[in-house]
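In the part that follows, the structures are each spelled out as structure tokens.
One chain, subunit A, links the two complexes that follow: it is found with subunit B in the first and with subunit C in the second.
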Partner chain A sequence: MSATTTPTTTSRAPLTGSGRRRAGSLAWHIGALAVLAVVLYPVLWLVGASFKPSKDIINGLQLFPGRPIFANFKNLADGIADIGIRTFFQNSLVYALGSVAGILLSCSLTAYAFARIRFAGRNTLFALMIGTLLLPYHVLLVPQYVMFQKLQLTNTYVPLLLGKYLATEAFFVFLMVQFMRNLPRELDEAARIDGCGHLRTYWSIVLPLCRPALITSAIFTFINAWNDFMGPLIYLNEPGKYTVSLGLMMFRDSDGVAANYGGMIAMSLVALLPVLLFFLTFQRYLIDGMATSGLKG
Partner chain B sequence: MTLLKETPPDTRKARSAAPAAGKRRGRRENLAGYLFMSPWIAGFLLLTAGPMVASLYFAFTDYNLFNAPRWIGLDNFTRMFDDPRWRKSVQVTAEYVIIGTPLKLLLALGVALLLAQSRRGQAFYRAAFYAPSLIGASVSIGFVWRSLFSDHAIVDRLMSSAGIHAGGWVGNPDWILYCLVALTVWQFGAPMVIFLAGLKQVPRELYEAAEMDGAGPLRKFWSITLPMISPVLFFNVLLETIHSFQIFGSAYVVSNTYCGPADATLVYTCYLYQQGFKNSQMGFASAMAWMLLLAVALVTAVLFWSQKKWVHYAEDAR
Partner chain C sequence: MGIGGSMERRTILKAAGASAAVLGLGATTGCGGGSGAGDGTVTIRYSWWGAEERAKRINRTIALFEKKYPKIKVKTDFQTYQSFWEKFQTQASGGNPPDVFQNAVTFLRKYDKRGILLDLRPQVDAGHLNLDDFRAGVTEVGEVDGKQLGVPVGSNTMALVIDKKLWRKAGVEPHAGWTWDDFFKALKTIRDRTGVPGDTGYFGIMYLYDLYLRQNGKAFFTEDGLGFDRADLTEWWQDGYNRVRAGIVTDPKAVAQDLPKSSLSAGHGASEFTWDNFTVRYHSEGDSTYGLAPIPTTDGKHTGQYLASLMLSASARTAHPEEVARFIDFMVHDPEVGRIMGYDRGILAGTEQYDAFKPADEINKEIARYEADTAEAGVLGTITPHPSGADTVEAAFLRIGGDLGLGKVKVSDAVKQFFDESQAAFQA
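Moving on to the complex of A and B:
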């Protein structure tokens, strides 16, 4: 543990000798690689399986097929139940991007109020906001459904998106509050002396400086919406409106053995690609965002 | 959690110096604050507070969405306790939380301790181990899990070669819950990242002092690392426990939507979903949701109460 930073490693090393240090480093890499193998196996399996014929997917023990086939992906082009898979992707994209826009706007406005404006009742509201972080969503599930059903808004994207525009995701408000609080106060004062109101200060000064927090929130929101299953399952009932998660479910039979197993596996891979791509591009923002919100909580 | 600081005294002084102007500014600040907050306030009233009140009311009614709710007092709750499937769902969820959460956190802490020892490759491993936390809840991974744990698939073969013939876990009521446990443990990366950040904040001098006193690695872990990262440990335990109480998607997909076989993966939210959205028993589902809320509140309260005994915040430690 004491070896996290290089100086300590070198200060401890003279006593032990380089041979032992190399052995320790080897053991470290073996341990890390073993964990890596288990962590990556399911994903690599998915990649390999989508290039296998359906009958080899479960039983074939080879991770990657000797002779990869592309039939599974070609089948995908035909869509499922007369719906092109492009429809699912478009729907998911609308949901995900709509969520990102809503979260960025509503949560940053709320966070600005908490972090930069001194108004009566602020502490009470902040405590309430934190309280909703721990509230199980399922308590709200039934009454929200009843409400949207009475308003005839089920089978639309309104129930899925409305909360995103009303800052109900307290995690992101919290993340942005933490970030904004660390910006120097002198900025606001300088802006006020120059005649900026709060709206101007928020838009031209605080928001641009919050870019890292905004990016973290945007990526998490996109991925959460892309993966969301329960929301679409409850609110969408017309296959033409299905998101990728629900479209994927159409590939399975009632007995669970999909008629087109290869197609289902290939679709699973394609459905994951946007998330994996986002992760590879922005992993630093995601991990640092996770780490800081956890530490300061 | 940290609350906002009180208004510093300097503004109060300014206010008394120029009372009229200060009052006007205070009022303007209040107005601005509530305007900025208005989306959140609307959301809180419309999508959180309002539904909570409604849900509490529904919990005491017989309500199927088409007829008006009919007040039935505590019937939903007495029916719940007499319902063997409800009791089963409580048992399944409790098993899932009690087995899955500690395993996941132990692995997260173990791997974080491993990664903290070396900086070379740390960023790479940290990113790779974190990835499952982002994709683990997706339907895709649910299908992968179903496949990996089927009859004759990799897990079955490995177990058979070790002499355990359980067949596919997903078809076996005695094993399928462990398939879900494996799925949550696989997502150890998120708490691991938080542990790792906590480990980085432990002051080096403490270890050096302990080494001078002749402390071994175990002693150092027990007397320095563990107390120093206990706030982070507390945060992880709280969050992971609350989350795993609410597992839905993975159980639904891995068990092929019917939360079986033999209700073996009938986690609490699955039963809530079946009652509310398949059987239109909105009253019963609301009562179930409130029991879940009570359970989560109870666990949270116990954890917060216990933290006095085992969580050391930096201020006390120095």
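Moving on to the complex of A and C:
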């Protein structure tokens, strides 16, 4: 999301006449709105297209339909390929929220160990963990599939979620480690004097202070899981277990033979909403957290 | 550091247990699929590519099958073409391909080489699968080295789709037995009289080049490689490129801008070579009227055409070969299945189904007529073999041909690149 911040006109030096100041402010706002229009154009197009018949979507250049139709949304309400649309959204939510919970728990715990406990081989292990970022996804794909297949866990969400509970996402561990290293150590020491063990320090002292890092991780994880296509594609074998990203593809054939673009675009629009809501909800806490964590130690 | 260690460890274990419990929720629904239950009921997995429209039809046919064979349950799974093969490749490497799946001739040798496809011949001999009662010659498409690796559900053949209004306006008409000279002259006339290029880019289509080679006693593929040399391809691509420059073939830039629509439907070209059953697409995308025309010939007689087809294949690892064979048999022979599926996957291959389904709409009637005419003209030959790696070669032909049209590569470099990539694909 592009959050455009409007400068307060009063902060400018009020040297010139108020008319000129207003003209300047007007020009600035028009400019900002023009940029906003460019940025938002694809979204507007998506909204407009969801009210057009499929044929007009690929033929016409106009942004909004002359005569809006609701058939695309009605189509969605009827479900895709005999499966109710709610199924896909429920599945995606389970996957996305399950991932968020896993990442927040496991990565912060791992990060605490790396940031606060001095143990043998810590630096080597940290380097190794960062090294896993270099492994391309495609190298892991088949071996991981074979492993989960042998464990009889394909066609479940376990292969998709398990790694998230074992802190395998090095990026988030790294993010949290960096954040924790910046927290004043005096807080830990004060906690220790009051009798806290590591777990208590982690839970009651470090974790609340890490809120901005946790929220950033949560937002990224949610979006990643919501958009993940390859994982669900490979591991899930029943359309009833499909996520939204797989459901979106059901409108298309291989060669564009009679693709239902209307249905696809209507569903894309609906699929955007949960991500948007998640972001809007937590973005507030993000700014909150940033503001408070800087206050006295 | 390290005070209160033991207490911590216990709490960590508890936390770990909690997250394992969360995972457990997901695991309860799991089952590998393809396994049998205690009461003799067998479950088979069936995967295919296509869109929701096909899914709805297939679901209805499966309901029919399960009614007739209550002891066999079928679980379906579908994706788009590209995703289907990505998934199939991974699952096959992991030893867990679906029991039955949609297949095409391009992939037969590739997966046969890896031992993934089930030879259905023993099932035919055991009487579980009937290979008679098919339209002439279609079952051969699924044969490789004496093994029956696929059973066709529908067939199609290459055709020239034309924008009838533009051709009429230009005063030209395609006819059976016309030559390439006639064809290109017609394209030029269309360009001169209507201002629209005559064709949307014939020279990047592998299956059309195959027909041209077959007319000249060659073929695109042999059993293990390419059936033409660099000089052949240089000529084909150079001519094509010259025709783009001359304006009688649509500028590939315009073709790219028209996506996902075809340039023929967009009115930026007057004809396009494609599979006959894809004609439906132009009617749903464009505003003109479209028709099917015969493939141009070299000698005034032979078009080099053959019937290609979508097939059903089975996995060599399936635990239930008999049930799988019965499933395929039902899907290709049952008349009611034919009525439900229609020409969705090509003109129905089994004769019972072919006779059971009579298209009601003008577009599908024309497709049926086109295939009947082609068969009657006696131009249908045996299909060109597709060696392992043919799928990669096909994609390379399309991509490099496209780059060439855009002027990104010179003809000589394009030919060299194509031969290099093909070599690598055959060896993979």
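In the analysis below, the second predicted complex is superposed on the first by the 230 of 297 C-alpha atoms of A that agree within 3 Å, B and C clash if a C-alpha of one lies under 4 Å from a C-alpha of the other, contacts with A are read in each partner's own complex, and residues count from 1 in each chain.
The criterion applied here is as follows: contacts are C-beta pairs under 8 Å (C-beta built on N, C-alpha and C of every residue); 3 or more make two chains touch, one makes a residue touch a chain.
Just so it is clear, the structure is predicted and the values come from calculations on it, not from any experiment.
Q: Just checking: does A:Gln283 make contact with subunit B only, subunit C only, both, or neither of them? Give me first, second, both or neither.
A: So A:Gln283 only meets subunit B here.
Q: Identify the partner contact of A:Arg118: answer first if only subunit B is touched, second if only subunit C is, both if each is, neither if none is.
A: both
Q: Is A:Asn260 in contact with subunit B, with subunit C, with both, or with neither (first, second, both, neither)?
A: Second partner only.
Q: Tell me the contact category for A:Ile80 with respect to subunit B and subunit C: first, second, both or neither.
A: second
Q: Which chain, subunit B or subunit C, is in touch with more residues of subunit A?
A: The larger set of subunit A residues in touch belongs to B.
Q: Once chain A of both complexes is superposed, is A:Gly66 in touch with subunit B (first), subunit C (second), both, or neither?
A: neither
Q: Per the contact definition in the header, classify A:Gly19: touching subunit B only (first), subunit C only (second), both, or neither.
A: neither
Q: Using the touch definition from the top, say if A:Pro208 reaches subunit B (first), subunit C (second), both or neither.
A: A:Pro208 sits against neither subunit B nor subunit C.
Q: When the two structures are overlaid on chain A, which partner does A:Pro184 contact: first (subunit B), second (subunit C), both, or neither?
A: neither
Q: Just checking: does A:Glu238 make contact with subunit B only, subunit C only, both, or neither of them? Give me first, second, both or neither.
A: After superposing on A, A:Glu238 lies in contact with subunit C but is clear of subunit B.
Q: Can you list the residues of subunit A that meet both subunit B and subunit C?
A: Overlap of subunit B and subunit C footprints on subunit A: residues 58-59, 105-106, 109, 117-118, 141-142, 145-146, 149, 162, 165, 197-198, 229-230, 233-234, 249, 252, 255-256.
Q: Under the stated contact criterion, what part of subunit C meets subunit A in this complex?
A: The touching residues are 1-4, 7-8, 11-12, 15, 19-20, 22-23, 26-27, 29-33, 45, 47, 49-56, 59, 75-83, 86-87, 90-91, 93-96, 98, 260-262, 266, 278, 280-281, 284-285, 287.
Q: Per the contact definition, I'd like the list of subunit A residues that touch subunit B in the complex.
A: Residues 1-6, 8, 25, 28-29, 31-32, 35-36, 38-40, 42-43, 45-46, 49, 57-59, 61, 105-106, 109-110, 112-114, 117-120, 122-123, 125-130, 132, 134-147, 149, 162-163, 165-168, 173, 197-198, 202, 223, 226-227, 229-230, 233-234, 245, 248-249, 252, 255-256, 264-265, 268-269, 271-272, 275-276, 279, 283, 286-287, 290-292, 294-297 of subunit A touch subunit B in their complex.
Q: Note which residues of subunit A are touching subunit C in the complex, please.
A: Residue positions touching the partner: 54-55, 58-59, 80-82, 94, 98, 101-102, 105-106, 109, 117-118, 141-142, 145-146, 149, 152-158, 161-162, 165, 192, 197-199, 229-230, 233-234, 237-239, 241, 246, 249-261, 263.
Q: Flag every residue of subunit B that touches subunit A in the complex, lowest number first.
A: Those in contact with subunit A are residues 1-4, 7, 11, 29-30, 32-34, 36-37, 39-44, 46-48, 50-52, 54-55, 58, 65, 111, 113-119, 121, 125-132, 134-135, 137-141, 143-148, 150-154, 157, 186, 189-190, 193-194, 196-202, 204, 207-208, 211, 217, 220-221, 225, 232, 235-236, 242, 245-246, 248-249, 252-253, 256-257, 269, 272-273, 276-277, 282, 285-286, 289-290, 292-293, 296, 300.
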